[in-house]
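Before we start, here is the structure in question, set down as structure tokens.
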């Protein structure tokens, strides 16, 4: 069974393949009366758009979103919001080779093993192009949580991390890497240029912080706020790890060092927990960190097999991102927005 | 809204508080005709049972499971399986202090912020005692995936990691730490003794590997196998991070180094992906790694506030685990078993 | 796949078989802070209890409910509420014959066809005994909708209908048939006595009215209030039809005769719609009518087959209700309460 | 919260308003490898299409469906199938009056009460136009259950029922009423002409029979096959009642008369149960009957209120169906197909 929907009280279902006529999403459960137009969505899509700099894939997609339902006189009606984005710049012939052979690290073999067939054009449904639908749905979700500010940025590329002491909020949108440390951004420019020229790829770590989340969102035990965030982020293409707050570093700490003492306010003297305790928000910033692997699309030939099981090798010549984690930042933001909006509605349902 | 259920085709819903009369779970959607009795569940509960060694909480719970429904003449009937475990060794008075003040790092404040009241006795619903219900449900799930072997072990405590070259499968059950490296187990014994005597606590990393998973389980996009595992593991008490395969290390790698080349068989020459590509199993071992924070229950007084908002401090005198990650290993195993059983049934639904 | 759960924002999952040790339910998603004890549930169970008069099955079950979780100091905590009812008066040997042969009209053959085995003792999971769990869960739901008054009564037994002009609200609890027309109750007493002595059975129609439902509960298109009520009622054992408002009579009417004109207030001059338009409550009384078939448990031998497929015949000698519709009234009430409580929470989630 | 999705293992989510640019649906969970093109869907849409005869609404919609995703080389891939149908013949100005005043019997008042605003153009989301999306989704579902034959027909209009002894399968598509009794079809022609000329409307009863359903589909207790069918049918616009098998007539019968005796085969000597026992299919034809009310769109002025609460009256001048039940037949068929396909997949998940 395939699942193409995310969310509980607020839900979105996405559809579409990399080289089909279009992609899109339906957002269901949106509260009525919110002002919404394409201009509320387009800027977020533009941030994620391919081809915006030489550091991302050279596929040129305008990613113009159309709202097909759920609006009346500029406001949401509470009925499903259908969002569509046309595919414009498909070049399926670039991908001819992958019709026959499996790209190791890609979904090619797993899809064939599951379904017995696959749309190999540009990766079909497994393409990162699907994340545009998430960004569009996330833009709607943002309207539901205006009290929350969400910011994602890249903290590490290929093992080269930012200097936390140089963190500059205003730098994030000033370079093509969503990098809050201008010096790191300069280093990364050279790094990605090298990687791109070598036909290689490199991984990255994205961090996302949501401020303004009131205490009490989330749930005990199974739809915990952190559990939902983990599911949301791990569902993004190329993601292999998710941390909340101190994450794996907390596993190396003593209880005394990991404590978040409280003072009147309530205020917290630390935020090792990343704003979540027992699955429920504490009122501190919600912090998630996400590991993106290097894309498996590289020029170096890799041993593989073809659909008949015979051994061969493959190198990827199609257009692709040398570092998918960069464009992952707007996607992580969108998923954070969606999870928080969903949890806000769920909290309201049970606790009024 | 609270969610106390996990799973899609196969589901379990748990109930119960640390100091209530009992805890339990219903498993719904189990295939019919499977041989099942209490003796299929009890050994797994015994592995997780508190009080089994001096390295875990001293609460003494026999954790005897009773099956109340869903069986006929020793086989599952396809109807819901109700599992109950009596609570025996509650000592609510140990916890009197936490009725009034919030333990930083615990769910106390968040629960009050959400619900306006909480069962403070032993942590109520937020107690790790709930994980016994998961282990019981996971034991049923194991019967649905007899082709799969699942093994979890602790690879790191307080920053002290095992030596991978000394990995000995048979050592795992031979020490109280589920540790595959006998030398590390010896070091950890001293470490935990020190931590316990100091009234402190320490974090740990659990790794879980499932072998025998055929290619094709999982789903593209949202209920991906890795996404489901991330949700399952992040929902366990004290977990702050989840990795699949190389996880965060992949974010530091080049594409060439992260490739899993394929040979006829099909066989793979590496498993950086942790057995999952595009959200679907590849037939390689499924590998997940989980970070447990040090429990916040420590003797050192920590600044906090009480229910009126006034400042105070608190130290935890109740019985607790100096390293919750140790008993986390059987819980991670149970969640792995449940996710795989669920995905097996989901795959069968769509792909026959 | 079996589904033993009902509801969306508010959910209950039931478990248990007719002749197992106990039956029960978990209610998940209940708002916190509601006063609740066994005494809020027991009276509703007593109304449904078997053996209360000679017009129902002679099985004697005290149906004492125990609350095992989700309460603290007499109030709901927002965590799952586990409800258990012991089975006391099983006589499995009465049912020996049905182990081998299928009772036409019962679930025996269908269960075997689906699952390959079944718990034949007293009908196992398909027994109407499961409805006690619904009544218990419905009693919790009532606390969530204190603004609503729900009343179910029997309007027809064996084709003998009440006189609507003689409708007396106070009569409903004054006879063993939940009959609002005292004269009909007298006729039914003789009718059921005759049916019972003849070892036969007879059908009935139950009507349920909820007053105090505000306008706006429900949803367009798929989880409509009427659609949810239809699912809820059709899931009750022996139910074969559900109507909202005028129901099938509306199919015979002209538009002019079926109109519910509105006046200031807002007030309605009629209620052909049964309080629901476009799937959403209008503020008028919500009216549902439910058809119960005669139970298939009759003394007259009926041709059937055994598990080997060989022809035989069967007559039912076990204890049973001559008219299951009578005890259906409290069950319909419970399902109405649960659907309305769920819709109240769902409405709050989306519309605040 | 609004729900615009139906189904469990197989799901569809619909979107769109009567006078928006388009309507559509996503079908998620479809098995891979099924041959599918627009030509598999279009004939079913054409049967439901408005403006096909003078007995339906005069709105002219070509209802051309486009498949936007989920196909590769003419076969389903297991990924979501996005279906879109453009709206062509909107005349919003016809509906100007209903912007201000509520049409009794329509969803106008309930939507405003729920959402605080509504898209009044042609009824917006509450328009029967949404059912085109259902018919498209149902056409996909049919491919999943090729072993099943589904046929819906009208058995009664305005209280004038067909003669069952004159039932002629081949007549159903030979008249504009889906009527299996040619003599009744002639009477209805005159009846609908009269109703239409009078600016009135009339109700109808649709029956739907599925043959070829194997025993074992469905579930005990809550997602029963009959419960799912009831939910599916009651969610169709204007439906006020649902019966399975003998339905309300069973409530008037004795147990002896309602029995479905079994013989070797297995074969049944009757089908009072409508092919479902204990929520599970028996292998007999599945029979559902659905009551459609007369549409509330009539020329006769009806007292009502406007959005300010002031009293007024309204008559509907827009294009509409004099008998919505007629075009309901293809919609009931689609919902039957979808429920059966879903249950087939669910059965396969649990029982292999």
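Quick notes
Note that the chains take the letters A, B, C and D in the order they are written out, and that residue 1 is the start of every chain.
Everything below uses one rule, namely that a residue touches a chain if its C-beta (ideal position, glycine included) is under 8 Å from a C-beta of that chain, and two chains touch if they have at least 3 such contacts.
Keep in mind it's a predicted model, so treat the numbers as computed, not measured.
Of all chains, the one whose Cα centroid sits at the greatest distance from that of chain A is C.
When the C-beta pairs in contact are tallied for B-C and for C-D, the bigger tally goes to C-D. Between B-D and the choices A-D, A-C or A-B, the pair with more than half the same contact pairs by residue number is A-C. Averaging Cα coordinates per chain places chain C and chain D 26 Å apart. Averaged C-alpha coordinates put the centre of chain B at 39 Å from the centre of chain C.
Multi-chain contact residues of chain B, defined as those touching 2 or more other chains: 1-5, 9, 14, 29, 32, 78-79, 114-116, 125, 220, 345-346, 349-351.
Put simply, chain C touches chain A in their complex at residues 9, 29-32, 78-79, 220, 345-346, 348-352. Contact residues on chain D toward chain C in their complex (touch as defined above): 1-6, 8-9, 14, 102, 104-107, 109-111, 113-116, 125-126, 130, 156, 158-159, 195, 200-205, 214-224, 226-235, 237, 239-248, 250-256, 258-266, 268-269, 272-274, 276-283, 291-298, 300, 302-305, 309-311, 325, 346-347, 349-351. Residues 1-5, 9, 11, 13-17, 20-24, 26, 28-29, 32-33, 68-70, 72-73, 75, 77-82, 114-119, 124-125, 345, 349 of chain B touch chain C in their complex.
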